[in-house]
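Common to both upcoming complexes is subunit A, partnered first by subunit B, then by subunit C.
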Partner chain A sequence: MDAVYRALVDIVGSDYVSVQPEDLFTYSKDLGTSEPGKPDYVAAPKTTGAVSRILKLANEHKTPVIPLGGGMSLAGLALPLKGGIILDLKRMDRILELNEKGRYVVVEAGASHGKLTSYLHKHAPRLMHSEPGAPPAATIGGNLAIHGQGDLAHPYGFNSDMIAGMEVVLPTGEICRIGSCAMGEKWYTLHPLPDLSLFLGWNGSTGIITKVSLKLYPCKKIREMDIFCVEDENLVPEILYELTHAGMAGDLVAMSSKLPPYSDRLHMISIALSEDSRQEMEFKRQILFDTHLAKYIREGTGGISMAGRDVERPMVSKASDWKKGGGFEYVGAILPVTDYPECYRRGAAISAAHDIPYTVLGRVIGAGHAMMFSWSYAFNRADEQSIAQARKALHETDDLVMELGGTIWKPAVYGQKLLLEKMDANTLQMMKKVKTMLDPNAIMNPGHWEVD
Partner chain B sequence: MHTLHFDENKCLACEARDCLTRCRYMNMDAQGAAAELKKLIAGEDSPVLHDCITCYACEEYCPMGNHPFYLIVSRQEALGISPLPSPLVRQGIQMGIPFRGEPEIEKVDGLALNMGVFSGLSHLISGKLFENVTPISTDSRKMFHYFCQLMYLHYGKVSVINERLEGVMEAISAHDADAVVHFHDECYGTYTSYAPAFGMAVPFKSIHLFEFLHDRLTELAGEIHPLGFRVAYQRPCSSRLSPDKHVFVDKIFDMVGVEHVERQYKNEEALCCGSTIMPQKRPDSRRFCLDIQRENIEDMKRAGAELCIFNCPACMQTLWKQITEYGIMPIWMSDLCRMAIGEKPA
Partner chain C sequence: MRISDYQYADIIHRCFRCGYCKFPADWSDVTNCPAYARHRMESWSSGGRLWLIRAWVTGEIEWSPYLAEIVYACTACRNCVEKCPLPIADNIVNMVVAARSEMVERGLLPPAVRDVLTRVQQRGNPFGLPAKKRGEWAEDLRVEKFSGQDYLLYIGADGSYDSRAQQAATALVRLLEKAGVSFGILGKNEADDGNDVAFMGEEGLADYLMEQTIARFRELGVKQVITLSPHALYAFTAQYPRLGGDFQAYHYTQVLSGQLRTGALPTPQSGGLRVTYHDPCFLGRWSNEYKAPRKVLGAIGGLQLAEMERNRKSSLCCGGGSGNCYTDLLGGSEESPARIRIRQAAETGAGILATACPNCLVLLEDAVRAEGLDDKLDVRDICEVFCQASGIPL
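Showing the complex of A and B:
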């Protein structure tokens, strides 16, 4: 065995490092259309100290390091493009501190969203965090590293806007804290210290997030979802404008999909509502449906399709059922709410051109300040041609986002290149300086966000 | 092309005009009803077409055995008067489109139990009561081939029903059962009321679920332990299409030893669950729906009901939460029967 392997065994123990072909094979793939990328080593550290030691080791050997959370990425974001060490962070999953009245919780970055939800349900049922649409196994650190968003996106923005402190290990192994936790042991705010948030949205290419303080929000006793349905996609922005003006929803998502047939050429606007009493819920519904949306109902251009149903997260993963073989991947993008009609029409056209049932979804971020779109494409995992077709549709969608002036969200390498090509030259140089300064040996997730 | 067999002369000769005068959602006297019925028969616009909440009750109220509700819906469609906003009409129509292959047809020896579009409730049809029936339409991927389509009466769209129903009947008939027990009143009403009213031949014999349950309880009478609950029954709209079978509600309740509480909104006076009223485009429809629901449940509560018995999945889906919040337990009729013979509810 080589020196890196022996050193990794020394750091994490032999049970938590592997060069076995079956393990390397497993870590070489994700669930999307990306080509496999084989790591040389897989290591699963338990502590921040171990992460730090591994990064120092990697620098010594100029070995790439790819941090991995829940492995839920569909876009190849945690696949080794140039070999190296996959750093599986799922063992770093402790919940370290809950400050209930201060409404924050400090967790290790490998803790899953499902684990935190379960913990809060048991220990602080009046609090919640913003869970993404990903499966519960998605990790908190992984989601932040891609600027994730979740079911509190409308009132509070991106998940990465909801943090009150971070611990990160720099590519060179130094352990840093960002926010009030840099001054002591209280993890209640990122502000008003100088902005050092250089780690969000970088796909782990500037450092490894190891601890996070997450802001928590009131969790009401009754949580339900209503669905307002319209035929004309051009109405969606103005309806969302009405809903965000009322400001009463927890999550606002507009969705249209070819399958099941009931949603074809229709736009389902799901409105999550939560309150502690039926009276409060009804008050909200009066404001929303009897005031803000009443004219659409009267005109017959919009209607309440569902009321009071249990909350479901956006079902983009259902798209995987629409082709034999169970695969799906999506392009995410941030665009203004006003672009919904165009995003729907053009996305449906791309799908039709590739004979894939369309699924287009847009989630409101903030008070309608932006929308996170996704265009999902189903494919057959066992059919290379089907995978290639989906990949082509994904790339065409990336191109569409750029044409519309959008920003690709958690872009795959193809999308990253499009963004970098279009980016302001000075911004690009600043990215390069930051990256070079933090990661002088370019070991962190190489191939991602690389500025020439 | 299927058209409604509606006897205009019977209707014009009717002095009661119960279809409209007894409608609890319209305020109409006999004179007004006569005038509006004439308009309906002549194919003219009428406030009835706009105010109808599509509760089906007039089908039961009609003393002439005519089909006033089917007439109303036919006229709504002919005149383009939809009770619902157009996106919901499209959604509803598209919902009934099968999209996951053809059903696997297996011959049934004896009775079939048709789950229709509620294959997700197949867990309810287990235990001794259902030993002698073979379920069909238990696959949620294929269930739309068995969808009776009658829901489109709420949408003002008889044409959709008429276009699709023969294909659905073919699928059911292909199982070659001796007779078909229908899990839902709506299916039973489709094949025993709607289809004949529109001149469609139904190629199988239908049995109402309650009649079937009653007969099974009779066979298992020795195993029944009276339950002793006080119960209310949420009568579904589609039950109005088979009022002759409504008697089995009380027969079953008597057999299983529960008291059907006396209340204002019972039997022919039953209130709609509201699921179709909520989304209608009439002003204040949503609040009107909530008022009806509250009135209905408070009536159950005042009458001392401990359980509310359901057969219609839409009623259950619409009301179970509110009923539970009033301290009344919602339960399926089939589960009530199962409990009576010592089985656990599904």
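Showing the complex of A and C:
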């Protein structure tokens, strides 16, 4: 065995390093349409110290390192494009500190969102964090590395806006803390120090997030979802404007999908409501429906299609079975709320052109400051043509996002290229400086966010 | 090499590898898949395994001993079936077993698996011990041979040959006697139930064993069977009818809970035992029996049942299912599922970890020693706990 393998065994133990062809195969694929990218090694460290040693080793050998969380990006963001070491971080999954009154929790970055939700349910039921719509195996660190959003996006923004501290390992192996935790053991704030959060949205190409302090928010006893339905997509932005003005909803999502057939061309606006008492819930409903949305009900242009539905964990994986094919991928994009009608129409047209049932979804981020749109394309993993067709649809959607003036969210390599091409030259150079300064040997997830 | 006739070729690609299969019901961790908990690499998860099987079937990867180990390390605990949100869920274990069948067909087995199957083939039990010794465990007990009693007590290979499981079998005999149940055993005429052999993918041998047992039961006029092992229970209730088995089978906890209900079995006092209970996969997730064992334990006066966080459908498998108890493919580590389970049991503060399966009993008892907790936690079968509380000497 070679020197890198022997060193990895020394760092993490032989049980957690592999060069077996089967493991290299497994880690060469992700869940979406990306072409496989084969690693040379797989390692699953348990500690920040081990991550640090591995990065120093990788620098010595100029070997790429690709950090992997839950592997749920679907966009191939943790596939080795140039070989190297896949670092599966899911063994780093401890919940280290809960400060209930201070409303934050410190976790290792490989902890899953499912684990944290379950932990809070048991140990601090009056608190919650923003859980993404991804499967519960998605990790906290992975989600931050791609600027994820979750079910608190409307009131509080991106998940990466909700952190109160980070520990990162720089590409050259130094362990750094960012925020109040850099001066001691209190992980309560990222601000007001100079901003060093250069690791969010970089897909692990500037370093590895190993610990995170997440802000926690009130979790009410009763959590329900109402759905307001309209036929005219042009009404969606103004309805969202009304709802965000009222400021009473939690998660706000507008969605239209070809399947099931009864939902085709309808726009379902799901309104998450939470309160500690029935009285408060009914008060909120009264304000929302009798005041803000009454006009649409009276006109007959909108209606309440469901009220008081239990909030269940989203089962996004079911989308992978639309073609009975075990696969789907989506383009995510951040756009103004006002672009919903265009996003819906153009997205549905792309789907129709590729014979894929359309699903267009938009989640409100902040008080209507932006919306995360997603256009999902199911494919059949056993059919190369189906995969190619979905990939083509994804690329066309990336192009559409750029045409609409949007910003592709967690772009695959194709989308990254589009964004970099359009980016201001000085901003590009700044990105390059940051990357070169932090990662002089260009070992971190090479092929991602690379500025020529 | 492409496997052209793999039975599930039309659906295996429908696994999305989304990871729901790793979780218990409360989403508290990704470690409720025993093989994934042991190795913590994706290939060992349920989804990773299915993707590798598919790659082998389609010729993308070649067979290797490592691949075979991954395929055989699945304990068929059914946690994945419970958690998978896709329509393929019910076939996840079937897809793994079908891949094993392909490996059996081609003689491509991990040595440990091959040896177990050889021993069953040659001696009728996974231990490779002589068939004529199968009834020795009961010689001093003076248990009647089956001759038309109400029930046949089917002990199985573990209770017949493994010294620890024999203690559980002995306790069960004493309890059935105390409850006045009319039963007999087969002794050396008992054959392997074939459950683990079937799950190891050796369909031909499994069918042979099952047909042999069906013929014997028919010959003796067996109408009702009590099993010590949930593995036998599952085989008798789910697999034997396919081959013409037409008898009723019950796990012993189901019979004992009935005897308690009628008052035939007196309820003892425990003097404040604190007990936690490990749901065996083939009694719980496979046979949907969660109440009977708890009723038996609950009938012991003063006994405090302290549930582990992962219980019932979320119970973590001990790592012994589908032959792994004999092949030990998940052993040798602090993260072996049985050792994790012992740590979960210890967290409850219980002094006794009770179970109702000889495989679980043996693996968990080994694990409690490996964890250095054998002075704090006793691993017992439920019938042993009941005997102790009842003052029945064993």
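Methods note: the second predicted complex is superposed on the first by the 445 of 452 C-alpha atoms of A that agree within 3 Å, B and C clash if a C-alpha of one lies under 4 Å from a C-alpha of the other, contacts with A are read in each partner's own complex, and residues count from 1 in each chain.
Convention: a residue touches a chain if its C-beta (ideal position, glycine included) is under 8 Å from a C-beta of that chain, and two chains touch if they have at least 3 such contacts.
All values derive from a computational prediction rather than experimental measurement.
Overlay on subunit A: subunit B and subunit C fit together in the combined arrangement. Touch criterion met: A:117 reaches subunit C, while subunit B stays clear of it. In the superposed model, A:304 lies in contact with subunit B only, and not with subunit C. Applying the stated contact rule after C-alpha superposition, one finds that A:27 touches subunit C and leaves subunit B untouched.
Panel annotation: after superposition on the shared chain A, the angle at the CA centre of subunit A between subunit B and subunit C (CA centres) reads 70 degrees, nearest 10. Using the contact criterion defined above for the overlaid structures, shared-chain residue A:2 touches neither subunit B nor subunit C, since it reaches no partner. Contacts of A:264 after superposition: subunit B is touched, whereas subunit C is not reached.
In the superposition on chain A, the chain among subunit B and subunit C reaching more residues of subunit A is C.
With both structures placed on the common chain, the touch criterion links A:312 to neither subunit B nor subunit C. After overlaying the two complexes on the shared chain, residue contacts for A:35 are found with neither subunit B nor subunit C.
Look at A:285: by the touch rule set out above, it reaches subunit B but stays clear of subunit C. Superposition on the common chain A brings subunit B within a closest Cα-Cα distance of 11 Å of subunit C. Chain contact summary for the complex, subunit C toward subunit A: residues 11, 13-20, 22-23, 26-30, 39-43, 48, 51-52, 55, 60-62, 64, 66-67, 70, 85-88, 333, 335. The touching residues of subunit A, counted against subunit B in their complex, run 229-231, 259-267, 278, 282, 285-286, 289-290, 294, 296-305, 307-308. Those residues of subunit A whose C-beta lies close enough to touch subunit C in the complex are 15-16, 18, 20-23, 25-27, 29, 31, 42, 44, 70-72, 88, 90-91, 93, 112, 114-115, 117-119, 121-122, 135-137, 313, 315-318, 320-321, 324-328, 380-382.
For subunit B in complex with subunit A, the residues that touch the partner chain are 82, 84-88, 90-92, 94-95, 97, 99, 278-279, 281, 283-287, 290, 321, 325.
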